[in-house]
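One chain, chain A, appears in both complexes that follow, with chain B as partner in the first and chain C in the second.
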Partner chain A sequence: MRLDRWALMGLIQLSWADSNLTERSRDILPSTFKPPQHFRNVNLVRKINLEKSYPRETINVVIENIDAAPQSEYYLPFEQGTLGRVGGLVVKDKKDPDNIGFHAEIVEIDPYGATEYYKITLPTALPSKQQQTLSLTYWTLAALSPVPFQIGQQDKQYIRYPFSAYAPSAYTTLKQKTKLKLPSTDVPDATSLPKELNADGKADPEKQGTSYTYGPYNEVPAGAVQEVSVRYEFTHPLTHGSLLERDISVSHWGNNLATEERHWLTNRAAVLKNHFSRVTYAQSAYYNPPTSALKEMRFPLTVGSVDAYFVDDIGNVSTSRFRSNLREANLELRPRYPLFGGWNYKFQVGWNGDLKNFVRRVKGTGETYVLKAPFFEGPKQIEGVEYERIVTRVILPEGAT
Partner chain B sequence: MAAATTEKTTTGFFFEGETGRNTRGLLRLIILCTIAAAAIASRLFSVIRFESIIHEFDPWFNFRATKYLVQHGFYPFWNWFDDRTWHPLGRVTGGTLYPGLMVTSGVIWKLLRFLTLPVDIRDICVFMAPAFSGLTAFASYLFTSEMSDSPSAGLLAAIFMGIAPGYISRSVAGSYDNEAIAIFLLVFTFYLWIKAVKEGSIMWGALTALFYGYMVSAWGGYVFITNLLPLHAFVLICMGRFSPRLYVSYTTWYALGTLASMQIPFVGFLPIRSSDHMAALGVFGLIQLVGFAEYVRAQMPSKQFQTLLRAMVLVVFALAFGFLVLLTVSGTIAPWSGRFYSLWDTGYAKIHIPIIASVSEHQPTAWPAFFFDLNMLIWLFPAGVYMCFRSLKDEQVFVVIYAVLASYFAGVMVRLMLTLTPVVCVAAAMALSQILDTFLVASTPDEGDANKKPQANGTPAGANGSVDIKQQFANLADGLRSTKAPLVGIYSYLSKSMITGAITAYLLLFVLHCTWVTSNAYSSPSVVLASRLPDGSQHIIDDYREAYYWLRQNTAPNAKVMSWWDYGYQIGGMADRPTLVDNNTWNNTHIATVGKAMSSREEVSYPIMRQHEVDYVLVVFGALLGYSGDDINKFLWMVRIAEGIWPDEVKERDYFTSRGEYRVDDEATPTMRNSLMYKMSYYKYNDLFPAGQAQDRVRGSRLPAAGPELSTLEEAFTSENWIIRIYKVKDLDNLGRSHQEAVAFEKGNKRKKGGAGKRRGPRVLRVD
Partner chain C sequence: MSASPLLDLWEASASQPFQPTIGKNTQFTVGFVLLFTALVFSGLFGLNNSLKNVAIYGLPASLAFGFGAVYMICAVGVYV
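Up next is the complex of A and B:
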């Protein structure tokens, strides 16, 4: 019996922090390396979305080849240490979504360099003097930090996000601006930049509801940095999965696909100033205010999943519910205790699915099968969950080649 | 029951003659397998209702030790020094445990892995006790079959043993304790011993020694065997039944068994040094003398022999006794252990060793417990013992001795009900099988036949082909007078059917009772509590694991947790944190130290906790839920144990009101209200209720309007239903103040009163 395995990768090409550092193909460049100035950014709009517990940045940029020859390698710079925490990078052609074939690759500078790069290879080399609009989206893990670091059990939590008002770029940028999307209007601190920097001479940043805009700015040289930071209210947990191990085992005897996930979660939210008070917690349970504690998780599973379980190191956790019907299969979990800032929780969940929903025989090849299973089915939280490292193992029946 | 008829029927082919024997053998095997299955199935209530989880307290240690064995291998386990218990002393765990249980499950685990069945070690531990109870049923079948000629006695004993609550109480799934395998070993060793005495063979004697060695490695209750077998031998000698068979089996067992038992580090040289084992040694000497005397008698005229014997017995006895006393006084032989004394004097422990008396399973048994645990067996039991007197052979003597001793012990300690259960099952099965054999015969006895051969005592002629009834009666003739009268049998179908019907009803009721008791009384894991919601659905109260898991995940891996010793094993197993004291209770002073810290004022307790590097203190508090097994109810034992070591500093009297009541409300004594335990239990509890309405649902009393204040500890975690409360021990104050001053200062600041200066100077603490 032969089974080919496919992992459904979602829509993005994901790559993970630590696993990046152990990947095999990489160019090691000297620290003096500077990307060749073949391009310039004609217009750049960066959107930073801070509504989740991790920031998502989208850079829409019109690039122009200023070299004589056609060029296809575009470099995206990251500060030292940040690149390892990039939780995913998507490159698209903004004008032509069907234009696929972008290739992103980490190029490593020796450890003393201040900047690291993603090398993005365009599907077709851009001819001289031609322009193309790229859309680069990436997520950064563990980038938000609560300030103040300690809060009371029922206090609001404020998050500080430091970034550069100039979008990171390895090329000269002619015109750019940065839009922030914040989760609320409660923003006690946002760095104000002098009006002189602003191309329109207006107040910088410009506020409009929950969105803040830095810029527009005129021509900025490659690698320019203008540090700013915002501090905003975000009374939600900053759930951080330090490790997720996921086993998908195919059993031809049981005719099922068993999935088991082992999660190591930490809440990166502000830690409790005083210790946990059950009285306060029990009293607040009646009106359920927003809190930085992780109380509940919801796993939307593949329809048709059965036998869900939720255990941890010392046995079954009885506070879970599994709702399964024809349209959905939801696993709702409550950890043994609410996870306040700095607290950890390790647990396992698992479920079974009918094998015929995941495996099909390849036509005309006899004993060749195709497995199509979700690569990742984490908990779905409103505020999002970030994972530092995911290990997915597919266990095929014995004797499969 | 094999209901054979004397008439030729179609079934006659299967139940008579050679094929009949095979069929019956097969049937018996099937019945035994079914019994084993029933025994296992009735122990699975807790797994089905809750989950595959280790129960109670001691099993958590056994489980932890088993995991250690499986992870690190046998020799590291043998030499295991555990620095995560009894902080800062540590415990030489490898040398102070009975390794039989852990090694057994380790071997099963290895075996299953070898057969490519990767079973989780936890599941092996959970299902260990039920699996062995199946074996116990089989062992009691063998044992009873040696006792009685009736074919049904063994099977009845097996099923009784399989489902008797007295045994189930210690062997439900998850109750991974030494008793789980020890009862099987106990019964099986007895069977082998009986076999050895009957056959007089070295092989059976050696097998007895082998299983005795296994038993020693598994349970401290092996002392029961160590004393029962010599007693049996001694009684037999006194009855003038000394025989080469007895000599061979006893000497083989004693020599090999003692050597085997000395291989266990925890036992070591006890068999030759402790008084508990002296009976076996004494009988070993005696049996040599008797053997020698028998030999001499065969060589000498009887007159001279009488004189010689008398002189020799006196001299030897005086010498041996004097020697024993000398050794005991000089300290070479350890005197009887405290637990042993408490077996003879039930008040002993309460006065001298409160730590033994504080354990609920060491209390004397209440009368209803006998009926609760054994149901109808308890009234069949005397009848069965009486049956033993009717044909008093060597093995019946054994049952009689066992019955007398075990009944006494079961009356002294609840826990020893466990050793009584096997003999009750055996005796009851013998009595019941006698009744069934008499009344369950379809044919009417033939009077003429009965006159000729007094055999028609109801035993079906074909029921057991190997029974030689003539011989049986030859033996009986020497016994009691009543057995000399010929038994005829029952003529009337009415009485037959009535008795059979009644017995069937009793048996059914017995099954019902056993199932009910097992389901309601013995299947709760006690780590998880179950309650019912208004709509009837089950609600699980999982506070223990909530708090333990919190400790496990959110505290430093080496944070020391102080709690009363009951929870030591659970904290070690579930929270994986070092503890000060645990259920091993080997160091009374250390336990008393914790007791003193719990029962003293904060100013006294804090230095103790600092000296022991305590980071967290864990208390169990049931007042919100009405959970009566909490620390306030156990508090007096902490006081008593602490008082045993520091009679000047902790006094039990101070915790009772002037009228001698133990109270927690407004009338509680100052000592009580200032004790750390009281403060930790009720800290902030008032805030849950409207002012002045705080209720303690366990003690049924209203609490003082103002709750206690804590200055040296801060609340770190409280579980959902408040059953577990964890406190963090504060570090020393940064400004060098005492904690009382610091807290008062903080308060003063908040209230914007200048009251800080009015403080009365609290006692100055010094921590070295």
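Up next is the complex of A and C:
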């Protein structure tokens, strides 16, 4: 009996792991699929924010239903391979933020198709000839690549970001503009486009401090692409978490919520041209120049956290500091070695907290409890951290059903 | 209308945070007392192995050791 139960539990866990990998909610469509042309984009402004180690794009678009019937399905196209790296997608009504209920879903065409789509279902179908303003925001992981790929230990790092000057859209766009927000004014390369393309007759891009503008452009058909790229200085690490495993264990007897995070980090920054020089590194510690190496991390924890630890495969790492008071609890840690481009580091951190901050007894019931704990905490870096895969396990007390 | 019914449940239960009988600060005391009792009782039981003493010393010693061990493990930081 007992063994059966264990086996059952094992099976359940296995099937969870599987469903994570394959994303069952996908609709598979034939490769000839084209989104029905029910909409057109009246005006589109796309903002690409490159200030972090992952690009964030916001598309503010006025859509109009040009079909005779009310329509509610809007398609957002992504190039092959990009869709799997979208870290998050937020859809909002720009004019009415209280209008919630947007539903986004991946539609897969076939594994070799050139374009994949997100299908966005509007909360209420848009009547014919009516307009609505959508705000679509998404993050793409592993989208930035350092050029040149090899740099010296103290060199500046330059990042190349290729994109399309025409915003990706499955619909005809009447008027559009793409704005780039760069981290600095040091931009050695930005593809220029001839002034014939521009609606105002100016050569692109238009520069203003750290922001570059491509457009405005007149009517562009669905799926049109105008390849451009920009190369800019970004001497910060491109921290990439290939896996984050997180355990939250609830202990009723111990009155404790124990959290443990196991991180597998990679720095996607430019790799070192020569060998790592410890002398140069030690010298630079005095004036702390910007570097593409990941040297320290800061974990803002829940207030009231105690007993923090930081260990890796070798054992305890003593270069950490835990500051805790009534207002905040910060775990500041320096990895065992600085992470230069292409270097990996695996470590685990953990801490405890009083259970009364996380678990409450549900009103009106005898033995039912509700748990509220952060899905993931992780380091908070100025330049941002991206995670490829996060596994959060909640371990309930023995006997919980 | 809130986005999630679970969050509503959390807010509604605001006045009832989880509060066990034995708090974190008393775990060591409770664990130590129970373990010590278990030691004394099992010692006394060892002196005279009779059926009557199973009820008087044996059972209380077992119970005290069981619960005492759980609290002592919690007190040293392994929260089970």
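Just so we're on the same page, the second predicted complex is superposed on the first by the 380 of 401 C-alpha atoms of A that agree within 3 Å, B and C clash if a C-alpha of one lies under 4 Å from a C-alpha of the other, contacts with A are read in each partner's own complex, and residues count from 1 in each chain.
Simple rule for what comes next: a contact is a pair of C-beta atoms (placed from the backbone, for glycine too) under 8 Å apart; a residue touches a chain by one contact, two chains touch by 3 or more.
What you see is a predicted model, and the numbers here were worked out from it, not measured in a lab.
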Chain A as common anchor, with chain B and chain C clashing or fitting: fit
First (chain B), second (chain C), both or neither touched by A:258: second
Partner chain(s) touched by A:354 [first = chain B, second = chain C, both, neither]: second
Touched partner set for A:315, first chain B, second chain C, both or neither: first
Chain B versus chain C as contact partner of A:363, first or second or both or neither: second
Chain B versus chain C as contact partner of A:307, first or second or both or neither: second
Contacts of A:288 with chain B and chain C, given as first, second, both or neither: neither
First, second, both or neither for A:336, with chain B first and chain C second: first
Chain C versus chain B - closest C-alpha approach in the superposed model, Å: 8
On chain A, the residue positions that both chain B and chain C contact, one per complex: none
Touch list for chain A against partner chain B, complex: 274-279, 282, 312-319, 336-337, 342-346
Touching residues (chain side chain B, partner chain A) in the complex: 50-53, 528, 540, 542, 545-546, 548-550, 552-554, 573-574, 684, 687-688, 714-720, 722, 728
For the chain C and chain A complex, residues of the former touching the latter: 3, 6-7, 9-10, 12-20, 22-24, 27, 70-71, 74, 77, 79-80
Residues of chain A that touch chain C when the two form their complex: 100, 249, 251-256, 258, 307, 352, 354-363, 369-370, 372
